[in-house]
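Listed below are the structures to be examined.
Next come two complexes built around chain A: one with chain B, the other with chain C.
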Partner chain A sequence: MIDHKNRSFYRRHWRDRVFRRVAVGCVGFAVLALLTLLTSIISQGWGAFVSYSVEIQAQDIPPNLPSSDRAAVVAIITSFLQTPVASKQDVIRLFSADAGSQLVAWLKQPQGPLRLTLSDDADMVLKHSYQDSPLKAEQRKILNDLKTLGVVRRNVHFTFFTAGDSREPELVGIYSALMGSLLTLATAFVMAFPIGVMTAIYLTEYAKPSAWRTWVEININNLAAVPSIVFGLLGLSLFIQFLGWPRSTPLVGGAVLALIILPTLVIATTAALKSVPTSIRMAALAMGASKTQMVFHHVVPYSIPGIMTGSILSMAHILGETAPLLLIGMVAFIVDVPGGITEAATTLPVQIFLWSESPERAFAEKTAGAILVLLVFLLIMNALAIILRHRHQKTWS
Partner chain B sequence: MLHPSPMEKKMEAHAVSVFYGQTQALYDISLTIPARHVTALIGPSGCGKSTFLRCLNRMNDVVEGCVVRGSILLDGQNIYAPSVDTVMLRARVGMVFQKPNPFPKSIFDNVAYGPRIHGMAKTKAELEEIVVESLKKAGLWQEVKDRLHTEGTSLSGGQQQRLCIARSIAISPEVILMDEPCSALDPIATAKIEELIDDLKANYTIIIVTHSMQQAARVSQTTAFFHLGKMIEVGPTDVLFTNPKNERTQGYITGRFG
Partner chain C sequence: MVTPSLVLGLGLLVLMQRLWALRGMRKLSQGVSPVSGTFSLDHTARWGQVVWLNGIVLAAFTVLAYLSLSWPSLLGSWLSVGILLLGWGLCWRYLTTRCHARAIGEGMVITLLRLSSLVAIFTTAAIILSLTFEAMAFFRLVSPWDFLFGTHWSPQMALRSDQTGSSGSFGAIPLFAGTLMMTVIALSLALPLGLFSAIFLSQYATRRQRFWLKPILEILSGIPSVVYGFFAVAVIAPALRDFGAYWGLTVMTESALVAGSVMGIMIIPLVSSLCDDVLSAVPKRLKEGALALGATSHEVITGVVVPAALPGIISAFILAFSRAVGETMIVVMAAGIAANLTANPLEPVTTVTVQIVKLLIGDQEFDSPKTLSAYALGFVLFFITLMMNIVAMNRIKAYRARYD
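Take a look at the complex of A and B:
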C-alpha cells in the first residue's frame, strides 16, 4: 500500500506548484518586456504620422506679394497677424524649407486654403510643448498667436509615406527606403530560393549518406550561425572589389542577404522534406514511380507549405538586417526611389540607423515611426507564415 | 482441394539470402509462388517474412546497405538481372503496406496516379474508367462514388486500405504483395479486406504476410512458415495447419511460441 500522506507525496505537489509559478512568471516577464517595448516605440513614434501646418484662407492673402517666395510667406503671415514682427528671420524659420515652394504651387492653382508646413522645431513644440526648444521667445509668441487665431491645423503626415530622405526632418519619408528594401529583398529571394531549395532537395533526397554529405551539412549549419557582418565583408570583397558590381545597390545588397539566408533556407527546406513520412515515399516507389517522380510528384509538393513558411521567415529576418548593408555602402543619402537594382538605394533598417544618428529632436520621432512601419511589415510576414502553416497542414492518414 | 495441378508458376525464389550490412536476415530461401493463388507467409516477428516480401518487388533496393543474393524469377525472368528496370518491375508487382498510406490527394488522384505516370490512359474518359473500375474491384466504389474529390486521408482506416488496394490494382499488376494489410484495422474492416483478397485471386497472384494464423488459414491456399530468417516449411494451407511436418511449425501454430 502506498502511504498517500507521506512526505514525498507532498513534496511532489509542492514541486509541481513551484515549477508552474516559475514558468508563469517567465511568461509574464516576457509579455511585460514586449509591452514596454511597444509602448515606448508607439509613444515616441506616433508623431511621425501627424504634422502641424498653418492654413490661410484665400481672402486673407494680401495682393502685391514680394517676388521672393520666402519674403512672400513672411508678408502673408505678418499681414495675417496684423502685428509688427521684430525679425523676418524669426517668422521664416517657423516654417519648413518647403513653405516657399508650397506657396508658389498654391499661387499657380489657388484651390482651398494655402497650407504651409511648419518647421520641425515648431512642430515639436506643438506636439510636446518642450521648454528647452531652440525656438526663441518671439517665435513662440508668433506660434501662439497663430494658434489662437485658429489657423494651426493637425493633419495626417502623408509625406512620411511618399517622400525620400531629406536634410529637413519635416520633409523626410520612408518611401525610397521601403522601395529599396523591396528591391533588395526581391533580389535576395530570386538568388537564394532556387539555390537553397535545390541544395536541400539534393542533400535530403539524392545524396547517399557519406562523410562528404555530413561535412556539407555540418558546414551549412555552421554558416547559419555566422554573424551577418561577416557576410557583409565577404560581399564587399567578392561582389564589389572582385566582380566590380556597383556599390550601394540592391544588387549587391540582395546578393549579400541571399548568402545570409541561404543556410536558413536549406535547413528549413530540409526539415520540410524530411517531414514527409517514409510510408508516402514507399507508396510512390511501389507504384512504379522513379526516384525523381517520387520527389517531384510527392515529396516536394507536400512540403511546399513548409518551404514557403521557411522562406517568409527568412525574408522577415533579412528585412531587418542592417550591419552587412552598411559595409557594402547602402548607407547612402537617398532622396529618390531607386529605378532598378543597379541604382544606389538604402533600406528601411539602414534608414532608421541613419536617422537615429541625426542630432535634431524631430528625427527621434521619425526613427521611431520608421521602426513602427518595419515592425508592421515583420508582423504581416510572420502572420502570413503562421496562416500558411495552419491552412496547409497535411494529415498523413 | 483447391489446387489445380500442374500449378502455373508465377514467381520462383532460388536460394535467396539477404544481408543488412553485417547481419544476415534471410538464409537460402527457395519458394515457388503459384499464379492466381494466395500465398501466405507466416512466422513470429523478425523472422524475415516482410524482408522476403520486399525482395519480390525490389523495395529492399532503397534500404541502405541491403544486399540480396540468389535469384527471383518472375515468369522465368530474373528480376535481379542488371537489365531489369525497377520501375517496370513494380508496375507488374504491386504492393500494399501494413499501415494505410494514401497520398494526401483526392481519392480520384490517388487511384489515377499510377495510370498517369505509366501513361495508361490517353483520354480523361479512359482514366476515369480505370479509376472507377479499380474502386469497384477494391469494393470501395459504393462508399466513395459521391466524394471522389475529397482527400483520401479523410477516409476511415479500412477504407484507406481498400483505397491503397484500388491504387495498386489501377495499374493492372500481375502480382500484389500485401505486408500485414489488416494489422492496423478493426475486425469488420479486416473481414472486408479478406473478402476482397478472395475475389482478387481470380485475376491476380497474391502474396500476403500476416501475423494472424487464422487469417492465413482463411485466405490462403499455400502457406510458408518462416522462423529466424529461414523458411521452415511450405505446403498447402490446410495441410500445413492440420498436419505440419516440422515441430517448430507445430509449435508456432499451436501457440507455443510467437
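Take a look at the complex of A and C:
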C-alpha cells in the first residue's frame, strides 16, 4: 500500500521534472535559434567590411604604359610578375571594373603605392579559399604569385559605407540605401507622430466612454494586426494611383509606413498616458487648470519618456519593413543618394532583398554585411529605448 | 498660397483670443465688476484692438504674398481676401468680454484631437474601399467562382492587349492551399514552442532568468522578416537539403518546409509574449490553492493555470495564425513562385502574399487583370485576418473581464 502510494508520488514528480525540462528546452530552442541566426550572419557578413587589393610601389611601375587604362593595368602586373602571362583577359578579370580609373587617378596624383581593387571572385577566393570558384587555374596562379610577392593587402572596405548600388559586387555600398531609409523614416515620423499622439490624448483624456470611442479603439487594435502588405496595396492605390504622388519615393514610402506605425504609436502613447496617476490630474484641476492645461502642462510632460520609448520602438519596427515598400516601387536600382523626399530611393531592407536575389556569391556576403548594419541600427534604437525607459521610469507611490 | 495663409490666419486668431483672455483676466483681477462676469470696455478700445490685431494678419498676408513673389491666381487672391474678411468678422465677434476664451480654446483643442482620431477610421475605410473597388474591377473581368475555386493559377504577362492568351487564368486554390500549408508548418513549430516558453517564463523562471530571457525573445521578435528570409535561404535551405540528401530525400531549395519553419521561429516570440501576459494574469490564489492541495507544479500548470488562461491562449494562437497568413518577406525569398498544388512540404509552393508581391513588383497598369488580381488576393487576405483579429480581440476582452 505504502509502496503503491510512493510509486504514484514518484511518477507525478517524474512527470513534473519532464514537463519542466520540456519548457526549458523550448526556451533553449528559441535562444539557440537566435544564436544560430546571429553567428551565421556574422560569419557570412564580416567579409563585406574588408576587401583585398594589390598595392604596387611607384618604382615597380614601368615608365611607358599603354594608353588604354585596362591594358596599362595588365602591363603593370605582367612587368611586376616578370613571368609571361597566357591571356591578358585573365589578368584584367582579376581586378575590379574600377581598377582602370584607380590607375588613372593615381597617375594624375602619384602619392604612395598604386592600389588596385581585386574583383569579387578573386576577393572571395582570398577570403574563403573556395574550390568551385569561377576563377581559372591560371588566374589562381597569378593571384598566388602576387600573394607570395607580398603585394596583396587586406584593407577596411570603406566603399561599402560610401557607395550606392552597383552591378559589380566589389563596388556596391549601402550609403544611398541608408540615406533612403533615413528620409523615409523621417517622413513617416513627421506624419505619424503628431496624429498618433493626438489620437492617444483624445482617447485617454477627452473621450468619454461612448460608441465612438469604442469604434476608434477597435479600429486601432485591428489596424495593428493588419498584415503590412495590405498597407502596401493601400499605398499603391491611394497615394500613387488616386492622389498621383510620385512612385518609388520616400514620400509615398513614408506615408505608407506612417499608416503602419500609427496604431502602435497610439497604443504606446495610451499606455504612457494611463501610467500617470489620477492624483496629478486632480491636483491640476483643483488648482484651477482647464482640462487642456491639465493635459498639456502636466500629464503629457510626465508621459514623454514613455511616448519617446514607444516611438523609438515603432521606428525600429518600420526600419526593417520591406514588403509594402516593394509594392510602391521602392525597389529601384539606386546609385546616388536621393536628394529629397520626392526623388526615387530605396531603403536598407529593400536593398538587402535586392542583393539577396543576386546570384553572385559575393552578393551574399554583401547582403549579410548590410543585414549586420541594419541589426546594429536596430540594436542601437532598442538600447536607446531601454535606457530611456530605465532612466526616466517614475515610480508613483 | 491659400493653405499657408489659412493656417497662419487661424493661428493668429487663436493667439489673439489668448492675448485678449489674459488681458480680460488682468482687468478682472484689478477689481472690475467680477459679479456680472462681464465688464464694459469702451467702443474705441474695442476697435483699436480689432485694427491692431488685424494689422498683424494683414502684414502677414502681405509678407506671404511678397515671399511668393506673385499672387498665384485670381481665385487665390479672392480666397485670401475672403479669409481676411472672415478674420475681421471673427475678431469683432470674439473681442468682447463676454467671449469665453477658455471654452473656445478647449473646444478647438478637442476638435483638433477628435479630427486626428478620425485618421485611424479613415485608414480602415480607405483599405476596405480601395480593396473592394479594385477587387470589383477584377471580378468584372474574371468571375469570382473561377477565382475562388479554380485550380490553375498563371497570371500571364500581358505585354500587349491584343496578344493571344493575354487573359491568363486566375484560379486561386493553389495559393490558398500553399498559404495554408505554410501556416500549418509555421504554427506547428511556433505554437508549442511559444506556449512552453511562456510557461517557463511565467511559472518556472527566476527573476534573474526572466531578466535575461525576456530581452532575448524581444530581440528575436525585433529582427526584420527580410533578415529571416535571408537566414532561410542562406542557412536553413542548404542545411535541410543536405539533411534530406543524407536520408535519401530530395528537398528542394525553395520548399514549403524551409519557409514555414523559419516563419515558425519568427512567430515564437509573438506567441510567447502574448501567452506570458495571459498566464501571468491568472490570479495567484488559484495557483496557491492547487499547490496547497499537494499538486506538483506540472499539475498546477496543466490543471489550473492553463485552463484558466485558455481563452487568452487561444486568442494568442489566432493572432499568430493571422500573422503567419500575412507574412510576406520570408515566403517571397524562401518559397516558390510557381503555383503548385501539392501536399508535399518538401516541394515549392506559393502563397497569397508572394503572388501579390510578384504581381505588383515593377510597373503596373491598373486596367489589366494581372494587376487587379493582386487586389482580389489582398481583399481575401484582409478579410481573413480581419475576422481572426476580431475574434481574438473579443476573446481577450472577455478574458480580461473575467479576472480584472
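The criterion applied here is as follows: the second predicted complex is superposed on the first by the 369 of 397 C-alpha atoms of A that agree within 3 Å, B and C clash if a C-alpha of one lies under 4 Å from a C-alpha of the other, contacts with A are read in each partner's own complex, and residues count from 1 in each chain.
Everything below uses one rule, namely that a residue touches a chain if its C-beta (ideal position, glycine included) is under 8 Å from a C-beta of that chain, and two chains touch if they have at least 3 such contacts.
Please read all numbers here as calculations on a predicted model, not as lab measurements.
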item: Which superposed partner A:Val104 touches (first chain B, second chain C, both, neither); value: neither
item: Winner by number of chain A residues touched, once chain B and chain C are compared; value: C
item: First (chain B), second (chain C), both or neither touched by A:Tyr302; value: first
item: Contacts of A:Ser290 with chain B and chain C, given as first, second, both or neither; value: both
item: First (chain B), second (chain C), both or neither touched by A:Gln44; value: second
item: Which superposed partner A:Pro209 touches (first chain B, second chain C, both, neither); value: first
item: Which superposed partner A:Pro349 touches (first chain B, second chain C, both, neither); value: second
item: Which superposed partner A:Ala383 touches (first chain B, second chain C, both, neither); value: neither
item: Which superposed partner A:Ile280 touches (first chain B, second chain C, both, neither); value: first
item: Overlap of the chain B and chain C footprints on chain A, listed as residue numbers; value: 290
item: Chain B-touching residues of chain A, taken from the complex the two chains share; value: 208-209, 277, 279-290, 293, 297-298, 302, 394-397
item: Residue ranges of chain C touching chain A (in the complex, touch as defined); value: 102, 105-106, 109-110, 112-114, 116-117, 119-121, 123-124, 126-127, 130-131, 133-134, 192-197, 199-201, 203-204, 213, 215-220, 222-231, 233-235, 265, 268-269, 272, 296-299, 301-302, 319, 322-323, 325-329, 332-333, 353, 356-357, 360-364, 366, 374-375, 378, 381-382, 385-386, 388-390, 392-393
item: Chain A-touching residues of chain B, taken from the complex the two chains share; value: 57, 59, 62, 64, 87-91, 94-95, 97, 99-104, 113-114, 117-118, 151-153, 157, 160, 164, 167-168, 171
item: Residues of chain A touching chain C in the complex; value: 12-13, 15-16, 19-20, 22-27, 29-31, 33-34, 36-37, 40-41, 44, 194-195, 198-199, 201-203, 206-207, 215-216, 218-223, 225-234, 236-238, 241-242, 259, 262-263, 266, 290-292, 316-317, 319-323, 326-327, 329, 331, 349, 352-353, 356-357, 364, 367-368, 371, 374-375, 378-379, 382, 386
